[in-house]
């Protein structure tokens, strides 16, 4: 099998991960995107039932040997709920702004309007391994025998992390996926250089995983929209309208070369939306992304997946032909949800940067963290904070 | 036929149109979007061969009587070139961000990858009349007999102008389309409350037609991308990242009600791009739109059409089965073109507002112009201009 | 305005329409497509509430003078129900197999998942007039004042009939649309060379309007799927698998030249399906179409629109944010509905041919009817009927 | 890791594969679909440069133990050419008729209009392993170092073979993919129960891999279109219009239950077509599929991928910004290519059945071969052959 059949142990780490606890989220610095309030944790996990888990793979320093490392990658899982997703799928849809990448099974998500598995994020070349791991996990945990479901549509997304990571070395193992699933929890979500965000960058700053949420009130009811991004997208950073990247002299190299990047955005909501409506919600992620200064680069695969935790509830009970979901009568009511989704994506991308520390990767390649002190100065100069 | 069969004369005007010559374009105020230089006129007409014409229909004041007025509407035409578009179609594609509207023949534009007719813009309910007029124009001018082309795909787009205009009165006539075509010219383009932009608004300010262009350099060659918008889109205005709408207290009513709006964006380029590539260019319009503060409203039909003036040149000559277009080898080279398109759309939307004067329409409904003095103050406060 | 501003009176006919009462539908000849039973009339009107109306325009003989005729065209309307479609839209979706044509507002049908107007069919170049007429009809009948709905999405489809008809003469008038709407009724549907089918052909035989329906049983409930086609599609006719066209020596000229054609298919059902599911239903029209021998010609615009009469019932009552449609739990149950849709389309296309008589049109151009005696002989030879 | 971590050796076979040399292809029996002649081998390999390889995995009999077997599955690879596909990608596009499955990277194929890797086919749950193997193959063979291409878009398709195969056991290994690639050759292609077709069925007959080709003449030039299918699609078999399935009493169980199936169709051509045009070609596969009697089942993922071997030739040479492909001037010329594609797909599906022998799989589940004697009798009865 050649140089790729090395003896990775499956241990994720041989060193202490960098500590990012000193770095605040953007809202803690007074940067609040949009007019809707966030949920309790300002995270995708504010949508009841949703859990997030990471497995971070960080090994080695210095010169790259393909198959040996250094490794700066990982896996992030979004569990839409705790129970069997095959038996209890969720209404879902995808929106692809720029298809320069691979997220598996989106044709099925859109054809059936449902999400049948947890969502995995990892690096571009490890999609196959993650897919295989997700299949194994489902077979081992949900399938009751050979005549039970013989196929389902695993959703695995990716972005490229090869500037820091030995991406050609294929260091993600089935075990890492299991580890991420096992680690999944509700409540606060680790952000920055963690899990599938370990090796990525955005607007030439170190970035990674980011999350945010919004609470929208339709008539007298409150609903939550939660977003998680694996943010690896090229551009010149804009923070709440302020040209921070330009001020810092960190501008879009995409306009000159073919640096690679992408964004994966996952949107969860307890709004009872059908697949068509969720696709519309997912489309609005593009608006939030645009406001952070991205250039719409050729090579940036921009994939968004939205699911509703409430629309299909009840479908697994009873023998009736029909179920009766709650469904919005007048879709004009969705406009606030659309706006809130865009805002949450914008803030999630900012969080992915604000929470990320400098990482030195393969061949000494370094992606620097955003200097928050200087950012605050710039925000002040531009009249945004005091 | 009832109350709609009134005796409109086909004259467009019974009063002097408002003068907007005192209002500068945004770049004249020092607001420059992005890093690429504009073309000579900073207009879609900077792409060689492209012409724009308007017919403005402005009649009556006061209380609305459906079919009588007041009328605040019109027609704008984009001619891709001077000759027979049926015989010399252009490579083209569309991108629909939110399909809440009607632009005719986009399925054909995308299936064939071509634009076979001039593009018309008008109000929502007058699409049929404009379509009919465009067919007549082509039959009368291009069709050489009954066995000549028996069908083609007229492209007519629209936005809603019924807050100011007696839209139900269907005041656009075939003559107005002919008038707009006849008026089409290269060089500077009238912006603001003119043509199809007469009755529209954006972010609750009077808006209308806006245009902008960019010159991008790929290797040693320069190419031009020109944009024209009929800008009627809801949101809270952001000018180059500065929350001008919020500062002025003019915020997005879309988030509370079902006010209607939309945007039509036409992109012309002399880059030799095929239909798939043009669709990618058109998609980037969403990014520019997002940066002006739109909310992604349910009811905002956001339609973009891109065409190349150079890709099919030569197809009408000779009897060969094949022609040989120039085609970009490495699409990474398109990233600057993508970024420039987004920038030009953003600036075109701003121009549609900057150049628009206050209009009082049906039932005294008024849409106020953006106060440019105050806008400049805000821009200064936010550190954007001196 | 030139030669198109002639003095058409709006009268549809100056001669007696050809009688097709002697021609049976295909099922009357023992040709039964598929395994599901048809509804009472084997027509789209078997879906409760659906009505169909035609206006046939037939004038002149001999040499064509553009604007004078001869005229062989018309309008067909499908009313989804009797009441205000703006206030009571229906869940809907479209599927475009080959976008070589113009059906208006499909982007909105798919974005909103609804049908807000009756559906009109006419000839290709009269789409604008039909659109305008439909807008007028809605304004005059449904709009309650200037602040009522200021925009909606009229659905007008077309096929090309210029081999028989003076299509460039634009003979469809607003009055014809009103006439078709007024004529709409439930029960049996006129087929063949009538309404929008007057001038069309399929597989080089005279064709026109055709309809069929199927009743499918899901668990203990019966549901109806009704189809109407304007069938103008090129190919070599196949009848229930038998190569009738080849046997008759009437083969596909599309394979050699650029003869034009298209098909419009309208699918109505009382199955409570959402837009995504209706799109899947509409897609299956392609299967039925394929079985009649079509070649998938470059120039054949193949557009399908499906709507459900039951999914949105109740949405206009009450002030609640939500309604609660019945929704299929397990979409595997839709497979019979998919198969039945394909079968009904196949039979509707056959009916459009079986019921059509020979028509002589402009310049003496003639499209001959299918010889049913010979067809039966061929069917016997191929072991299909006794 | 539980029961899935068994000790598969990677050997594909522990028994002799069934011999199908006695079974003719449908054309050898006088069944010729359509009017265009096939290429030399009537196979996808008639397109110069295209190779096909199989790895068949066949192990065990009797009662299924998940992870142990019996195994009836495999891998099929389509190599578009012999050289580095990353450096020499091909113009490509996909068309998904029913998205009930997972073919990886189609968003990228369509966004970029290119195919960057060989195409793999396997069973549904082994997509991840095949993807991973394809990545490894490319890294080991094409990637020249860490700064060479860090991402690409591997295309892996699948259908479900779990009625015969221990699909949950995940028996495909990286080695099988390498074996299939190594085995790839031009010339005749093994059909039936081989490679990715080992465990599949169509219209309730044993089926598998099938192939066919057509030569079309445009003006004076000849071009080849080749098709390969992994045919696993539910329906009631129709052979060249004759209801063979119905006559044999083998009817579509899909209409009653949720039996699973799918079809993958790969189309290769030396026509110089761009991505949009290739998508149109791929769409016509639906027509050929429809004619074999498929029901358009809910669970049948119907995915088609088309690529051109000539359109991008020359792109890897030279430093120029542009290349100059040959491009069809008048797409009406493509109608014969569209028709030929549909015909070739129909014949390839028939070949997948005609060449497949009865297979007994897990738990004694048996899928019987089509009785060719009886089929010929039926064809005679229906007047098709003598």
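In order of appearance the chains are A, B, C and D, and numbering begins at 1 in each one.
Keep this in mind: contacts are C-beta pairs under 8 Å (C-beta built on N, C-alpha and C of every residue); 3 or more make two chains touch, one makes a residue touch a chain.
Model, not experiment: these values are computed from the prediction.
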Other chains in touch with both chain A and chain D: B, C
Chain pair showing more contacts of the two, B-C and C-D: B-C
Approximate Å spacing (C-alpha centroids) for the pair chain A, chain C: 45
Approximate Å spacing (C-alpha centroids) for the pair chain C, chain D: 35
Approximate Å spacing (C-alpha centroids) for the pair chain B, chain C: 34
Touching two or more other chains - residue numbers and ranges from chain C: 98, 110-112, 280, 331
Chain C contact footprint on chain D (complex, rising order): 35, 97-98, 238, 240-243, 252, 254-255, 257-258, 280, 283-284, 286-291, 294-299, 330-332, 334-336, 338-339, 341-342, 381-384
Chain C contact footprint on chain A (complex, rising order): 110-113, 218-219, 221, 272, 274-276, 280, 315, 320-331, 333
Chain A - residues contacting chain D, complex: 1-4, 64, 66, 96, 98-108, 110-112, 124-136, 139-140, 143, 145-146, 150-151, 153-154, 156, 160, 162-163, 166-168, 170, 174-175, 260, 301, 303, 362-363
